[in-house]
Amino acid sequence: MNTLGQFLTLTTFGESHGPAIGGVLDGFPSGITIDFDYIHQFMQRRRPGQSTVTTGRQEKDEVEFLSGLLDGVSTGAPIAFMIRNTDQHSSDYDDLKELFRPSHADYAWEQRYGIRDWRGGGRSSARVTAPVCVAGAMASIAFRKFLPGLEIKAFTSQIGPYSIDPSQEMYFTSAMVESNPVRCPDTDLAKKMEDYINGLRREQDSTGGCVTCIVNGLPAGVGNPVFDKLESSLAKAMLGINAAKGFEYGDGFMSAGQLGSQHNDAFRIENGMITTLTNHSGGIQGGISNGQPIRFRVAFKPTPTIGQQQLTVTRSGKETTMEAKGRHDPCVVPRAVPVVEALTALVLLDQWIASGK
Amino acid sequence: MNTLGQFLTLTTFGESHGPAIGGVLDGFPSGITIDFDYIHQFMQRRRPGQSTVTTGRQEKDEVEFLSGLLDGVSTGAPIAFMIRNTDQHSSDYDDLKELFRPSHADYAWEQRYGIRDWRGGGRSSARVTAPVCVAGAMASIAFRKFLPGLEIKAFTSQIGPYSIDPSQEMYFTSAMVESNPVRCPDTDLAKKMEDYINGLRREQDSTGGCVTCIVNGLPAGVGNPVFDKLESSLAKAMLGINAAKGFEYGDGFMSAGQLGSQHNDAFRIENGMITTLTNHSGGIQGGISNGQPIRFRVAFKPTPTIGQQQLTVTRSGKETTMEAKGRHDPCVVPRAVPVVEALTALVLLDQWIASGK
Amino acid sequence: MNTLGQFLTLTTFGESHGPAIGGVLDGFPSGITIDFDYIHQFMQRRRPGQSTVTTGRQEKDEVEFLSGLLDGVSTGAPIAFMIRNTDQHSSDYDDLKELFRPSHADYAWEQRYGIRDWRGGGRSSARVTAPVCVAGAMASIAFRKFLPGLEIKAFTSQIGPYSIDPSQEMYFTSAMVESNPVRCPDTDLAKKMEDYINGLRREQDSTGGCVTCIVNGLPAGVGNPVFDKLESSLAKAMLGINAAKGFEYGDGFMSAGQLGSQHNDAFRIENGMITTLTNHSGGIQGGISNGQPIRFRVAFKPTPTIGQQQLTVTRSGKETTMEAKGRHDPCVVPRAVPVVEALTALVLLDQWIASGK
Amino acid sequence: MNTLGQFLTLTTFGESHGPAIGGVLDGFPSGITIDFDYIHQFMQRRRPGQSTVTTGRQEKDEVEFLSGLLDGVSTGAPIAFMIRNTDQHSSDYDDLKELFRPSHADYAWEQRYGIRDWRGGGRSSARVTAPVCVAGAMASIAFRKFLPGLEIKAFTSQIGPYSIDPSQEMYFTSAMVESNPVRCPDTDLAKKMEDYINGLRREQDSTGGCVTCIVNGLPAGVGNPVFDKLESSLAKAMLGINAAKGFEYGDGFMSAGQLGSQHNDAFRIENGMITTLTNHSGGIQGGISNGQPIRFRVAFKPTPTIGQQQLTVTRSGKETTMEAKGRHDPCVVPRAVPVVEALTALVLLDQWIASGK
């Protein structure tokens, strides 16, 4: 239930206000020198409190490795790591003990387990994506050895009414993505998104958005047919991110309105290699990579925690109202960008191993 | 790789032009009386050659059960079943032996496995969804015992430019869905879709579309947090269907443009029960059902097999052109409707068992 | 529940008196040319009715392949196969419908599932080992390509009071094993075993025994530490064989009486290669092969079906007596020899793939 | 690879001389109040340095819980825990960096992974059984709620030449087992075993032994047929313990010499309940519990670490000799007793859940 992957498995643990969050990464190739600086930098992109558009919670998210390494090199043993929770304000949540927050997991969790950790969302908090980022950064480090040309690049492609022009995607660089707090590579648009989010924060409201991810350099032949397709695994992983509401790859939902003669990607030979003239398919055919860039998009709903008064009910079944007090992001999308990259790296490394590469 | 589910597992096998297709359903509850008529009827909804909008291939899709039943009652042993392939025209595919069809799995599969079954798409054919329907029908039969009120209802919500009005969804019945060959419950729209598809067939072209699925009667508390969320499992299963390009649940991609104050589903008490005023969430919170209807949508690309001339390459790396000759559906969506229902039943029964219900 | 393996998975199905038994082998390497004659010969070693020491049931055990092959070569798709049951005498078992046979699974199964297939033991019949042999033979065929020197050699090492001299093991050949119906490579001892079994048949009794298995040619470095050790996987697989009661490897239970200074296998260099002076370890250290021959032994209880009158109870809880009438083996061991080899091949190929070889 | 179980899963991590060892227990039922005192006491039975017959390494083995609990009650979230390693003497192992210890995992691990943690055996150290004990104690606590009558009782049944009389087993109590450092419930024999072990310590030698485990109070109907049999799961788990060489249940290897008329357990009615006159089967039929006591035995080889001079080779392929200097147990069996109990509890709870109880 808390394990992702089949050959490379990540089991995560931890709640928003528990002692620690962390994970165990098993099946990680041996002999990989871990670049701790890279992991640290990667974690900074996800950590709370990094900018004005994110939650005010301050967590350094410093990772302690507990096993699986010898002098910083992976040994083939499971790699466990943890991050201590330090800046919990559990008392902010005292009021929530007896009521269910709208569009949060509180009610569903309690129906499932009969008990719930009401402090900051417990296991359903977005804080559980921190261990995913640690493991994803490690998967990326492993790919430096196996596929030096692999590049996984996610960015904010929509915030509320502001959407990026997809025809410009090929020009986006990671530096452009990181140049602004919303992680939108179109800097003009980024400014509008930032203002929009800050306006909503003042209005005690929140907004949804989209993350687009592009993977360059994955060769053809990675994936599996039928039930463990590359796109199935990506979709499963992405829908596991808090607030994710949709996944599409290639032309996605737009394909529903297209003709076959429009959508099909004609094969051609370029520099002696098989390639396609277009990439409506998003780099995957029949569950297996075809050598073109992998491209997919993930939709996120607005953060359910808002300061405005909302109708809700108590655990004992009485109608009431609530206003959220805990710190929260008015938009999860900027911090979801590294999470999407991390999950992509994990899924790809798992499928890479599964494909016997 | 060819197994779906964790507690209830379906392993499928078979290729388009091999001796047979089938599956093994393991973990199926014992003591369930199998309604073979229901399975037969369910299979008729998926089988090729059922109407003018589908492929001309004629397969009766008669299911032979090989194990796991005693006098038609499940014993707890694995239930194996198979369907003999009868109307293969493998010679239609002789030309394809040496070239890769655009936007088919041919090239990717060969890069993955070094060999491919070129006859009718082999394992990558939509024919592999037949065993899914057998197993899904059985899962529905099991739910008659566990959750008599459960209703899984999928329908065609878009074909090319024609989209259904979502505000009418609550009025759609299964009878309305089955009243026309495109499986669109809005009969006026259905006629337009049918004409559109038939027009494309004449033009040797194809179209994409969408299937919407609504599940009524699933109680709160079914699902799992983090990596095996109900929505993750549904997304994984749906993206495993041939030609699927996207999955969204609740307001899906539309959520990206919404405010929290719009999207959140306020809790209320109705008849002494906790309910929500709206269902933007699509019946799932934090990976667990919340008692509201589950609602999701799956996008399908246009059938890649079209009769028009297309650019492609041969296995030996030469550029060439091709025109498809094999029989095929100009639109997969009408036949995908029962497949979506079948996978939904399988995922829900698996999660039902996993949730200790 | 009915699936063995992690990377190479075998899912079996079928009951003693159902329509068919079979399996689905998934994760099998592509590009392997299947040697159907070898499979047929291998199956002959397990099939009932092969000699005087086995059951009188006559089954040809002809295997029909349903998927996963193209012109006899594996494609990477799941390989399904089945064997029709032909010589069922279900009426022999009519009496058993209402009572539980001592030391059979009847009672336990009914407590587990609330229903049981009483015909010939249903899913708990040794007939379920036939698909294991098909898949095991295929794993051996795959190893011809990956590890041509690999040799898996099982034999009957004990029947009742007759035990083989282990110091002679290195001289045993497969031809010696197959030279007699009990599959004991010491032909003098084999004659005594055969007479012993035939005597017991006349007395309506049965006997236990042991199978020893030796694997030559497996290089060092195959296996996994902690919970998926090579010995753990072998033990799990072997105890899944009907009537198996124990598993030991290397010096096994004898090790309990040994000193470290006796048991330890000293490392030496021979022809420039690391080897050990002795092999008390049975070729495995810490869950991973060390390059020495793998050696293990499996104990089997006497066939529980005996013609003598036995005390038992009915389903409705009345004490009664019974005498078995169905055909059965007075000793399962000779037919278990190929089953042990088949499972060994499956476990080794799975671990071979898991070890990234 | 480092995960045990299917529905209740334990993933462990950690090496002998790394920062910490620990585990993640997932699928643990919610609403269980954790008895931390019991866990502490249970851990004391496994910890090093507890008596003269064990290693001199001093570890308090204090468990820190990192997640999954709210006020000491399980929430359904994964329960992570860890134990800091404190008394490592890694320098004791400096000499081992360049050579392979006989009958240790050093050589095999290095062949598998190309790198090994040479400090104290790394991941192959018996230290990895500590997290197993934490999780096993928790499984036992869960059973207090589900099956209050369940009793899992392991004891030392053999040390070198000293074997317990099995006919006395039914009289053994946990108090008798814990009354002496070797954990043998026959106190006279225990004294001899203790003297034997202490003698061997002085001679720089070690000894093997056996642990017997008896489970009372497990109802009929727990387990699964074919590949996940109760005995298969137990065997797999037990063979995963360091130094384990064999597993047998019921009459085990003795069954090989028995007649069916001796071995079969006749059914009778006692107090209106179905029971058996004897228990040669060890409480399991066809992979499923039959309501009689589960009984099995595990064989352990002598500790490979001995102070005597041994022949071995270096990593660079030179013959040499070595004398072990690290602290170690001259016999692992007394400390293996709680490990066997812990694994039994884990396997039973997993199978209990899998059986839908």
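Going by the order they are written in, the chains are A, B, C and D; count residues from 1 in each one.
Keep this in mind: a contact is a pair of C-beta atoms (placed from the backbone, for glycine too) under 8 Å apart; a residue touches a chain by one contact, two chains touch by 3 or more.
These numbers come from a predicted model, not from an experiment.
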item	value
Farthest-lying chain, centroid of Cα atoms versus that of chain B	D
Of A-C and A-D, whichever chain pair has more C-beta contact pairs	A-D
Computed distance of Cα centres, chain C from chain A, in Å	46
Centroid distance [mean C-alpha coordinates] between chain D and chain C, Å	26
Averaged-CA centre spacing for the pair chain D and chain A, given as whole angstrom	39
Numbers and ranges of chain D residues touching at least 2 other chains	1-3, 12, 77, 109, 112, 123, 225
Chain A-touching residues of chain D, taken from the complex the two chains share	1-3, 9, 11-15, 18-22, 24, 26-27, 30-31, 64-70, 73-80, 82, 109, 112-117, 122-123
Complex contacts: residues of chain A adjacent to chain C	7, 77, 225, 353, 356
Of all residues in chain D, those that touch chain C in their complex	1-4, 12, 100, 102-109, 111-112, 123-124, 128, 158-161, 200, 205-210, 219-229, 231-233, 235-240, 242, 244-253, 255-269, 272, 274, 276-277, 280-282, 284-291, 299-306, 308, 310-313, 317-319, 354-355
